[in-house]
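Read from first to last, the chains carry the letters A, B, C and D; within each, the first residue is number 1.
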């Protein structure tokens, strides 16, 4: 737990992270899922883990997975349907130009929803990362929008125990993803009340958003369901540790999470390619706690008062007093 | 006219453009409004001009302005209420933290709407450029959103002869503007049917958008009312000539304008700091015509077919054949 | 003084800052130079001010200026020759395509060097902001490089009491400036030992550099003569307060300034458009002191040890302990 | 051949491209090296291929590889020592904090130089992609610079038949690579005359450079030895087809290649994740030919004249006439 929130991590934190050059991974982490779960237990206060379809769970192992988690007192905080780890999704999933692929995408989400219900996991994360385009003249933006909405509508009430969340991202693996900003995902989901949003702070920053403003927007439309925390240098989803770069923005995010009454998970989505995963997750936790304590130090009222005055000097001074005392 | 569209320009094209270093301007252009209008007549096919409150029009001259235009056979295609050229708007207009300033913003828009009606101009362009923030902890995002909506609602049906359009922009003059993307402006205007959107291609590119996708999104929500054309290097609103940088994206935009049946103005919003304004506007016109001809060369159906196949190679080849024959 | 360094500011901090939309400025600040100087005295510990040619000093007032400073116990830490505030420099100064303009640029620099010598100011800041290009096919990169070198060589030993510094910047007022990175300015100055470099942290960040790495590079070539401090959001020279955004990078910069034994000025180059200049400069000073104290808290040796281990987790933890205790 | 230049491609063009999500690749391409070579033969006019250590060549197969190429009339235009595909290089190669790894890096380069000499390949491409850092306080910039220089010096004259080239890149796989710009690589190589530079246009664009200016800079220091062609959206090394995005910049590059008398290879470095490699390479070739023809259409003299005048309108018009007739 962190400041009253469940604290989670994505499983690859404790595995062997690869990139497109070093495809066999930078080493370290556990090899099997049980090894990875055991590593995760070394992170003090960790409550649960996210699993990705095909990478971590599949038709063969999904039922065993529940026992592995239960045996360790860990929750499955999220199941992520595989819409992006296999070549078959290369040109899209829910918004693929090919109708059969779109149907396969819907089927995949629904199947994972049922798994989630069975495993006591409340959410599935629909990340339409392959739904987009790389080149101009490669997508029909109006059709794609309809396909996305239709696909999400088909999933939305499939299993009342599980809420479908949509995770937006500007780019990667496509140079342009369709669902690329907080405002766009809210617009896409108008009328689809059963579908929520997963805010990944790294995706938001790489999309040029202020993460605090994104959280406030999502919350004001009732769509701030779940939060992924990480950091990057704004031009790419570097999946770095919390506290790596954007201290001011992260502090402001924590203020707004408290302000809008967010009660959900705080889950790390980091890729510690060259780091020890346990150490990296632990460091993230310390930074997150630091941000919460910093807001407490100055107080919610003082923050609100500075915001009300809209004075840059006061704002910069507030951050200094909050973080550095 | 360009390909059946009215062709316009913003008046500063023919004036003396300044930046924050060279505040007295780089020279060239006309000094008086009549000189600027006379220069504009040298751009073949130009149908009208946009005027900016305080810079070009004010309570004293607004009625004379109509005659200056009529005498030259020029239309006023847009009046832009001054919500950003004076220190009093420095912390915002329609979404200023100060209630009196917000009211002054509404009053200004309504006044200019009445001017527009009197002058036969169908649109006012509400560009809330000062409505945003520079620092973290300097804005209440949820209040600002409400203030913007409330302000726009108060303007929306003030004068039935004039449609209020909102122009979005990621940044400048604030480091963060509230209304910063196509999706966000559509979301902001849900339920405000009388208010439309002005798509400025440079703003869209600087916001990280694909301009064709932005146009398609706006059109599919019935909000593509007016288009500003210019170009830049994506990190700033450089207000360069059409054809300067983004040939592929501009070509795709023209395809989508035709595809969604856009019939409105094509208006240049360029700042030819170091260039001759007439020459710059003329060169822009040639590039726009080149894009229209390029789409015609390959044909709308061929474009649609390439899009349907979603193949990158075909897409790149299509652009080559369209532009280079 | 800050941690043993002379502490300065650019004069516009205490004036009325304008941008290209609000050309008459956002108000506030002093009107006359004496008023601005008097305001600057309210910033505790301020040792001196930078002046810009044409904006602040000119042939008529330059000799009076010395007295204004002396009367207030202020130093002139820098004179900036005007190579960018007038239309005549619009297409360049030292590297203008026009030979007479290049000569005028050299003359301007030399004249200001003599002023500096007379006023006890050790540096002039050659910022070739207009030397660049906006469009492809608008500059001869090889000629421009030669012109820049030749011009600097002509200035370099004009007055042995004054050192010419070159300030680099990626863009603005041109979309591309020739002297755009730390590495490029060092390369340009190979063989010109009398010419040094001014590192503006905001320019460095907007150029995509890590400011600490830039400082280390300059220092290792003996070119770290002077430092401008400010902050921005990386895509533009926002000239914000120190501490606004990049806390981690600023902390690392302070470590490297100490590591390489930098003894020179720490001068603010901020544009407090909507802020009170005295308050803004004071807040910057507090943040700079915070960074110096943070390095002291963990110690230079501990920093060096973390760097030696090259472990991301240790690095992130070090920053947390340094800043937040 | 393209316009008198040898025309090459990197072998992965004809293989199965993977990214960090779809680690098993998007399918398509050849499985074995012979299959990939056979596919490459289908690209009309292709003269040779680049091979990457560990991915394509290793101690076991390197001598067979020569025969595979000879049998097909293909040249090996480049061997790329493996300094980045294995976990052992994760924290660097020539500039790794660990001395043994640095020595291993030198040994690897020297070994591949000998292979190259034996195979009639004139170049090895030292791409120090892992030499950099991800976090602040994770690198000693001054030591790293020395290590890089020392390592390159140890390789430089190892085998007089083979020239070592250094390929620069801003980021990826590290968030910051040390050798990140044209100016920096030239500075790094001052005094190392035997070492040249490989300009990858995608790396240059992602580093915020104008590729034409980068080529001119390298050439004026005698370091433009080899060129990689591809395209991207500037914020990442997307490895897209030539002609995808930056038509104007690519055209200007071709002018400057001709202007500086570049006679070397034009080699594609693309990752056609979702495209047919043969088709993608063929489309690139058509675009490159289009750029050469466009320069010819207007003529070198006309380009030089426009550049001399430094007028933005003329520049934009020149591009239009060159590309679109």
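Note that in this section contacts are C-beta pairs under 8 Å (C-beta built on N, C-alpha and C of every residue); 3 or more make two chains touch, one makes a residue touch a chain.
Model, not experiment: these values are computed from the prediction.
Novice: Any chains in contact with both chain A and chain D?
Specialist: Intersection of chain A and chain D contact lists gives B, C.
Novice: Counting a repeat as over half of the contact pairs in common, which of A-D, B-C or A-C repeats B-D?
Specialist: Same contacts by residue number as B-D, out of A-D, B-C or A-C: A-C.
Novice: Based only on mean CA positions, could you tell me how far chain A sits from chain B in angstrom?
Specialist: From the centre of chain A to the centre of chain B is 35 Å.
Novice: Need the CA-centroid distance for the pair chain A / chain C, whole Å please.
Specialist: The mean C-alpha positions of chain A and chain C differ by 40 Å.
Novice: Got the chain C residues that touch at least 2 other chains?
Specialist: 91, 134-136, 240-241, 244, 248-249, 274, 311-312, 316, 319
Novice: What does chain A use to touch chain C in their complex?
Specialist: Residues 234, 240-241, 243-245, 247-249, 272, 274-276, 279-280, 282-283, 286-287, 290, 294, 311-313, 316-317, 319-320, 323-325 of chain A touch chain C in their complex.
Novice: Note which residues of chain C are touching chain D in the complex, please.
Specialist: Of all residues in chain C, those touching chain D are 91, 97, 133-142, 145, 170, 176, 181, 183-184, 186-187, 190, 207-208, 210, 212-213, 216-217, 219-220, 248-249, 251-252, 255-256, 260, 303-304, 306-312, 315-316, 318-319.
Novice: In the complex formed with chain C, which residues of chain B make contact?
Specialist: 18-27, 84-87, 89-91, 129, 134-136, 171-173, 175, 232-233, 235-236, 238, 240-241, 244, 271, 273-274
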